[in-house]
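Pasting the structures in now, so scroll down.
Both of the next two complexes hold chain A, though its partner changes from chain B to chain C.
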Partner chain A sequence: MKVVAWHRSGRVRLPRGEGPWAWLAAGSVSLSLLLLALLLMLLATRGLGHFWPSDVDQVTLADGRVLAGRAVKEAPLPDDQGMERLYRTDNRDLDGDIWEWVPVPDIETLSQPRDLVVLERRRWGAFIGRLVAWLPAQGERREGAAAWDALQARLAALDRQRDAIARLREESLLPLARRLEAEGEHPRTVRALTEVQARIRALHEAMAGDVLILESVDGRRLRQPVEEVLGAMRPNAMGPGAKLVAWGDGVWRFLSEGPRAANAEGGVWPAIFGTILLVMLMSLVVTPFGVLAAVYLNEVAHQGRLTRLVRIGVRNLAGVPSIVYGVFGLGVFVYGLGGRLDQWFFEDSLPSPTFGTGGLLWASLTLALLTLPVVIVATEEGLARIPDRQREGALALGATRLEMLSRVVLPMATPAMLTGMILAVARAAGEVAPLMLVGVAKLAPQVPVDGDFPFLHLERKFMHLGYHIFDAAFHGNDVQAAMPLVYATALLLVLVILVLNLTAIFLRHHLRSRHGSLSRY
Partner chain B sequence: MPVKQDTAPRRGAFVDFTPETSCLEISGLDLRYGDKPALRDLTLRVPRHRVTAFIGPSGCGKSTLLRALNRLHDLNEDVQMEGEIRLEGQDIHAPEVAVAELRRRVGMVFQAPNPFPMSIYDNVAFGLRLQGGLRKRRIDDIVEWALRSAALWEEVEDRLQASAWSLSGGQQQRLVIARTLAVGPEVLLLDEPASALDPISTLKVEELIRNLKSSLTLVLVTHNMQQAARVSDYTAFLQDGELVEYAPTDTLFTNPRLARTENYITGRMA
Partner chain C sequence: MPKSSSSPLLRRRLRQGRDRLATALITAGGIGVIAAVMAIGVFLVVEVLPLFWSGSPEAPQVDLDALWQPQTYPGLEAPVHRWQPALPDSDPGPRFGMAPLAWGTLEAAAWSLVIAVPLALGAAAHSALFMSRRLRAHLKPTLELMEALPGVVIGFLAGLVLAPWLERHLGLGLTLLLLLPPGLVVGGALWSRLPARIRRWLPLGWSALWLVPWLLLLWALARWLAPGVEGWWFGGDLRGWLAATLGLDYTNRNAIIVGMAMGFAVMPSIYALAEDALSGVPSSLSEGAQALGATRWQTLWRVVLPAAGPGVFSAVMIGAGRAVGETMIVLMASGNTALMTASPFDGLRSMAASIAIELPEAAPGGTHYRLLLLAALLLFIFTFLVNTLAEVVRTRLRRRYRRLGVSS
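On to the complex of A and B.
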């Protein structure tokens, strides 16, 4: 479309001769882009905003009750009585709930005291209130600001101790336990195992013992073991810089840690890892198969009615609902192939299945099947775009058909194959329905790659961002509380797909630019 | 000028060569695409180390004939062929003839330049590498020789690793000729090699054709009668899949024996 001067004599001019259709088309495109931008903004604000340590309000009501929490939203009261405000007050162990609706007209005073602390805990969720005293296992009791300083120092030490325990468990305990299982009770193994267990126990004991005395804003006291505390901050006393650091830390922990509290809290690292690994395995399987099928259909097969029928069939396979592929994968891969493999190679561990249950391998094969038509169609289109004179040129130099295909046609079709792979990745990374049948798990904190032979454990169940969203949104105890994590996970899923696609697009661009533009096709 | 009467026999008027001086012998060649006949009972001999041009209106079968000479029709399942083509006395359809080897001996240059999406060097080395067993130094030498033979060396010697697609159309066509020469063919088939080129590039390609005939047998298909007159030694005029007249180029253009030929070359064809 030619760009016409828009501002002539101050009036916006319509491009002449384009008529309303151009505007309609442009309008549809803008609308789609706008909706996409809105979606991403919603995900970003709701999801990432969750990690921002916003101020905590202390509210005194007309009836004398005092509560502290973060304002979440407001809704109108019935009969025009003004608004009521939802506070997230946490303290599930004290109140039995973490939400409190407060009628705005009933609020007497509202303040943001700087000494309010927010503790993130392993059980019962967060605590909002005041830190009264610090009671260490050894040493003297401290109160007030001194208690806060002691707590900060102790938390940093706790982090290191937790890391040490995780490392011991991962690097020593689990391999030893596996060796014990495989080789029988060898005295040396047992001794080593006992030793590691003793060290872990010692670390646990070093962590235990310290206690915090906490007090909620309405004066109820609580003894909190410090080892259960994961983080502590005083949002009202923090400046914007400190808040930004805390926010970055929160985002990082979301990305790098495993989930807690039945997926309603904590991070999503295993799900990120599972999603990327699944998609990469899927690409590894689907690309060669799809390319071979496309080469056969376009270059080898006699172009008759049968080939045409097969081609139509392949194109229509792309429209089969994904859950159907899930059912196929469950029946053929999991029960059929997996059951057979278990009978042949893992008979001693039956009846508990090894490959006869959903796992990474079967999930990636199912997704490969699901995306096979996409790769075939894209590759075939690429092959069809290569002019016959390139093929004849190779043949005229004495190339056999195989040499012509491998040295001229396939290199020229590589960008098309990568396009197919990009489309396949885009489709596969967002699929959840078939995965629920063939191996995704609600909780599998151990990622399927580790230091034990064979390093990649294809039979393991795995976590997936898409399923994590579904699970957190619908299967938690408190859906409201999990919503920010749902948004954040959704944003992350979009970003992961974007990164995977950009990688493939970069690869394609790199291949294209190596020999000038292929636009002369 | 009075129009001549077509008194000659239907099979036309032909120059002939002895089997000793001819490189390609085509006898009784019938070729059809499905039900559509393309070549009818065609017989002619192509002299060795000469340039022979096939001319004729579009669809007369001259390109089809050319493609039959290195068995490019093998790929097309619709093509049915009868008759015999001999290269230096050997039937090219004989079972002991390997088609890849035949195509190395009978090289072909197409209408539109078709360099592969590789570097200039790799394009010329393509056929050599297919044969295998050649050392890098030897390949370097042959590539240089082929590019010199195709009168392209001076233009590309300092950018052999550049993409072949960065060359101009005329350079690309000479590159394709160099690529074909590199595998050492005995016959070079040229299918309208200059029709996609500008006049200067055309002249360069024509000069190249004239220079190559000392070592090669060349067969040229062209629409351009001046070109046929400029570069070829013998010219065959085909019409409707039949050979009409085949004569030394000078004779055919100055003194055609048949009215059909004269009508065509003077542009009075129905």
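On to the complex of A and C.
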């Protein structure tokens, strides 16, 4: 007893040192923690920092060139001539490129003029420069501060009009078009359709016509139609409070909008929606089946050699690579079941497949299969933790096995089931490889849920946060430009998974303490 | 009422009937679910078999030699291994040599184990023997979170952040590698020279935390030393030296990058299992050794590790299984070039990555499709065997501990 206390307290100093290996072992823990912290910090700073409207530099070079942009990074010049700095100058329509390397020794003056504007545009990316004049379709030309105020007011109006168009399209145009397709040319439908189209066209016309005269810092002029402009700000003239508001607005738009410019700009809303829907469908499938299998293995099956073997087998399936499940999903669900379903029910649309190609249903089934071992193992652990006297007590009071299970055992195992489900969800949310085989899409602007019968379209392809990262980071035209958004998406995915895992850890802890106290009496 | 008089019997019948029905349903459902999960292996075998038996025109037979031996292709002189499934059918025809894929898979797994095993075992040894209990209770969930980091995120950081960084700072990377182990040992030596009052503020049990600033200091030192090291030994240009002296071309995304990223991903699972095995050793053993005057490290090396050896081995096996099947990290960090070179600075292409890229484009039922399924089958068999082995070893070990615990 004394020895134990002596060892645990760790206060007694041993005569000799522990030698070098002990320090290397300690160092490996610190190194892992350091790497993890670095990774999370990198994601957090780069992902969240992207939305901060940082100041725009106006740079005059020794050869007289002027440019404006945001400094991104520095790198040493060859032959030790100092550093060179990368500026993101945007203005793709003027320069053909959005990056500019500038040797730092060549910089003559560096300033942050308050009148520099940054416009976010639908085409050509952002514009950095000066606002010269505002030319509305009706009304008079304005310049200077008046032009800026007019632009702000117009942009707010444009936002409302865009919303109105999107609503009309969602609520009126698309259902009418579908009805036209389904019921044939009914005069009333056609009339309603032309009416809606006319309203949309009128809104579009109301948006068009206004023009901005812009000037880049080196004096090149540009006529910019205002309906292409999504947002405008003057970061150098903004205080910290205004910047914080703009930052929050940027984060919100990232979360709530769809992607633009081949996934290199815009938001990730369809990907968030697709991920959540996929995971929800998966847990709907996996929880009942996993619990069923666990109950069978632990409560019903004869506890012999075979059951033990099956248990080991199920446990090992959790270690089978996810891509193998993807292959199974593609071969059995997509080509096998999907092909059959197409032949039976959707023959008229063949050869273009309905269920015979990857889609939401097959992806969620594949993920359910992938996470089934997780749920089975977690539930079984919970069931095994319940003391046998609880079961015996229930049986002794005259309960049948079903009553014993449903009234005594399963309620006690609920936290274990929840833990299993959350672990399954956390695992599924991060899996991308199998989805690449069974139905994730690079770009699927149509969310799989809409107002059209049957409301949930299981055959549609969907977007996914993880695949969005892969696609934007590796298949874009300008990876450097897409990097901030990839960081932000990665941060979002990691946060979702961390929250899910923390919930599971908390639940498991809760479960242990509860049953720890239970087995004592 | 007749209902009340006959009800006890009827009710019992009803309850028993319901019970039997439910038991039958649970049995059927449970067996069905388990069969569905197990069907993966069956499906893969059934789909792959035609490669070796049937000779139907759309899926011609493939002989094993052609898959695994170097082949002579028209236009090339010596026999080579090639995996080029997408070549047009007309002239050269697709080239199916599985060897580069298998090589890439094993190479990636081997490098990731080289990184992960020392880190994980060191961490496990430290947290089982030296670490304070409070810190340990926090460390385990933290590393569990690290295990849950999705492969895409790690792959993205490895392929687009780490790879370009290391390419630019190769000298710094090498200096860090050379400096860290001796730096840690020097840190330990300095610590033992400290006055006892300060040492009580920095106990060994919390060294995992207070060594982090020391590591940062070492990193700063490495940054300062790196140009000197590169200039002194490698003529100022490590990449050029590698190419000129060793004949190794440094590719941007290479096996080392994959190894680092996947090592980071695999390390927590090895750690968790190895730590379980080490801390599961009955404390009577280690207390006996320490009572006889052994230091804690000697106890670990001579007593605990031999007792927990099988458990540590199974932890490494499970790590190997994960590394072999990990898809996204390899896909994003390896460059995906199907090469068969031993150079750690060349790219590689693993089976899992090949499946992910090529299977959606392969025509179902064709040779390419079936070969990719064969790759999946190999992955399945390998991981299943490795995991089973690890599980069996672990169960044996647990039984042994129980015996040891009882006999003491």
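As a convention for this text, the second predicted complex is superposed on the first by the 460 of 521 C-alpha atoms of A that agree within 3 Å, B and C clash if a C-alpha of one lies under 4 Å from a C-alpha of the other, contacts with A are read in each partner's own complex, and residues count from 1 in each chain.
In this text, a residue touches a chain if its C-beta (ideal position, glycine included) is under 8 Å from a C-beta of that chain, and two chains touch if they have at least 3 such contacts.
Bear in mind the structure is a predicted one, so any value in this text is a computation, not a measurement.
Once the two complexes are overlaid on the shared chain, A:Pro387 sits against chain B while remaining clear of chain C. Number of chain A residues touched is higher for C, counting chain B against chain C. Once the two complexes are laid over each other on the shared chain, residue contacts for A:Leu39 go to chain C alone; chain B is not touched. In the superposition on chain A, A:Leu395 makes contact with chain B only, not with chain C. When the two complexes are overlaid on their common chain A, residue A:Pro411 makes contact with chain B while staying clear of chain C. By the touch criterion defined above, A:Ala62 lies against neither chain B nor chain C after alignment on the C-alpha atoms of chain A. Using the contact criterion defined above for the overlaid structures, shared-chain residue A:Glu403 touches chain B and also reaches chain C.
Looking at chain A, you'll find residues 400, 403 touch chain B in one structure and chain C in the other.
Contact residues of chain A toward chain C in the complex are 3-4, 7-8, 10, 14, 16-36, 39, 42-43, 75, 289-290, 292-293, 295-297, 299-301, 310, 312-317, 319-328, 330-332, 335, 358, 369, 372-373, 400-403, 405, 426-427, 429-433, 436-437, 466-467, 469-470, 473-474, 479, 483, 486, 490, 493-494, 497-498, 501-502, 505. Of all residues in chain B, only 70, 72, 75, 77, 100-101, 103-104, 107-108, 110-112, 114-119, 126-127, 130-131, 163-166, 176, 179-180, 183 touch chain A in the complex they form. Partner chain B is touched in their complex by these residues of chain A: 302, 387, 389-390, 392-400, 403, 407-408, 411-412, 514-518, 520. In the complex of the two chains, the chain C residues touching chain A come out as 15-16, 18-19, 22-23, 26-27, 29-31, 33-34, 36-40, 43-44, 47, 118-120, 122-123, 125-127, 130-133, 139, 141-146, 148-157, 159-161, 168, 180-181, 184-185, 187-188, 192, 203-205, 207-209, 211-212, 214-216, 264, 267, 271, 283, 287, 290-291, 295-297, 301, 318, 321-322, 324-328, 331-332, 352, 355-356, 359-360, 364, 372-373, 376, 379-380, 383-384, 386-388, 391-392.
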